[in-house]
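Each chain gets a letter, A, B, C and D, in the order it is written, and its residues are counted from 1.
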Amino acid sequence: MVKRNVPVTVRWSDMDAFGHVNNVQVLRLLEEVRVHAFEELREDGGPSMLESGVVVAHHEVEYLAPLVWRLAPVPVDLWVTSVGGASFELGYEVYDDAPDGTRTTYVRATTTAVAYDVTSGRSRRLTPGERATLEAWLDEPVPFRRRSR
Amino acid sequence: MVKRNVPVTVRWSDMDAFGHVNNVQVLRLLEEVRVHAFEELREDGGPSMLESGVVVAHHEVEYLAPLVWRLAPVPVDLWVTSVGGASFELGYEVYDDAPDGTRTTYVRATTTAVAYDVTSGRSRRLTPGERATLEAWLDEPVPFRRRSR
Amino acid sequence: MVKRNVPVTVRWSDMDAFGHVNNVQVLRLLEEVRVHAFEELREDGGPSMLESGVVVAHHEVEYLAPLVWRLAPVPVDLWVTSVGGASFELGYEVYDDAPDGTRTTYVRATTTAVAYDVTSGRSRRLTPGERATLEAWLDEPVPFRRRSR
Amino acid sequence: MVKRNVPVTVRWSDMDAFGHVNNVQVLRLLEEVRVHAFEELREDGGPSMLESGVVVAHHEVEYLAPLVWRLAPVPVDLWVTSVGGASFELGYEVYDDAPDGTRTTYVRATTTAVAYDVTSGRSRRLTPGERATLEAWLDEPVPFRRRSR
């Protein structure tokens, strides 16, 4: 139970001509969630993980119900699904909980991010401090329904 | 050898603050490729598949090399990796071929799309004409390197 | 002194390759401000002005200082600069006030919006209720420095 | 008659929930036109004007008819309306010409751009080569119908 909840603002322009939040804009929302979370992955006195360098290597995203634009932010759960030597995987769930407790899950997704050395332009190992923070966020894998073979 | 090649225009604004084409904008480029291809999936005298309804159910995308903005369009190969009763999966490869034949692959991706009945708001079976067109585009699965478990 | 203050969230992706909030994205932020304000322009029991129809006819925007991305929303003042029979003009100021009271103004802008009948596809007169709301928001013209001739 | 014609690709995603090319995306299209034109503003052996530095100080844009998405690029005329010591103004017209010669003008706009020294972070005078190129593109002012006071 170490998922972060990061509410994210949906813009009116995130809707496409079908009147729903566009599937690509969903990844834009997840980017915002990630940027806010990376601000927390900051060792004392040091740069944030976003500044010290991280690149996206892989996304997987599953759309389960149409997300409709509204003024109120939409809740997104964010957690870590695995930590490797130079990379880690994030899990996300975008949802609404009705007053009666019923959950509508709009989107589930994962992002694999690789630590990156901005000066050398190459991947680098995660620092012990980064590993410790990421491992404190570890939770379950994302239960995708549909997969590419 | 039934892959479509659809060159796609990269906008200057597709770059993010790191000076590369942003990972989310890559999915925007693939959307453009898909829209152009769906225009071909039009039975004689009928609406295009985009108009008769299709929704994105799943994306998987792998970033292999940074894509840098340039004036010339970037080539994208598009094909069908599988066809089901109500859905199909598309495969993509974004790349450049050097004059000496060396290929730089920037991105590989898949999209699962579900046929959708706009009036009822529900998924529907693919028509025989749609199936025939999609099956004519069938080619190999996308060889992802990194997968979520 | 009837300006509305509408803080707006800046996304990381609003930055362009120069590392500043892109000039076009500034208009995207102003759209969000406008959408939020139009929600207030809702007569009792009726649709919002956005739903009953309004189209943008003209924008003018002046960039005075570079806006840099940050986690905290940026304050935007919004007001009405004039009201006509079928149209009205909005004024905006995007700024930060330092603790010592010094104001940095990033952007000043205006938008001319025309009331629009969605069913007929034509412009329409403002209703008495819309006029009353807009007139209650009337304030000074926007003091642009640079103008096209 | 020194207007450049720069056809620009409209993306499906440039449409908003109203099914028209969104007013902010029109400025995105004009940015693309500008980027392509600035590539020509390159002195022999030197950097393009975009690389040596130019910032947007002002936009004015007027929407005359709704622009609908289509596969074919939309023609945009681009020219210079005035040249100053450190800045210049561009004019744009976005339109379609029917086979019978009838013109539909969708958008007219201007952009004031200021030459900028990337290293000092300050505005700079236009070089003689830049002035000569810009003056060769001089044409009429943009005839806006609606103006802020």
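Convention: a residue touches a chain if its C-beta (ideal position, glycine included) is under 8 Å from a C-beta of that chain, and two chains touch if they have at least 3 such contacts.
Note that the coordinates shown come from a computational prediction; the quantities given were computed from them, not determined experimentally.
Novice: Between the options A-B, B-D or A-C, which interface matches C-D on more than half of its contact pairs by residue number?
Specialist: Repeated interface of C-D: A-B.
Novice: Computing the C-alpha centre of each chain, which chain sits at the greatest distance from chain A?
Specialist: Between chain A and the rest, the longest centre separation is with D.
Novice: For chain A and chain C, what's the span in angstrom between their mean Cα positions?
Specialist: Once rounded, the distance between the two centres reads 31 Å.
Novice: What is the distance, in whole Å, between the centres of chain A and chain D, each centre taken as the mean of its C-alpha atoms?
Specialist: Their C-alpha centroids are separated by 37 Å.
Novice: Need the CA-centroid distance for the pair chain A / chain B, whole Å please.
Specialist: 23
Novice: If you look at chain C, which of its residues touch at least two other chains?
Specialist: Counting only residues that touch two or more other chains, chain C contributes 12-13, 24, 28, 31.
Novice: Sort out for me which residues of chain D touch chain C in the complex.
Specialist: Touching chain C from chain D are residues 23-24, 27-28, 31, 55-63, 81-82, 89, 110, 112, 141-142, 144, 146-149.
Novice: Considering the complex alone, what residue numbers of chain C touch chain B?
Specialist: Within the complex, chain C touches chain B at residues 12-13, 15-17, 19, 22, 24, 69.
Novice: Can you name the residues of chain D that touch chain B in the complex?
Specialist: Listed in rising order, the residues are 9, 11-13, 28, 31-32, 35-36, 39, 71.
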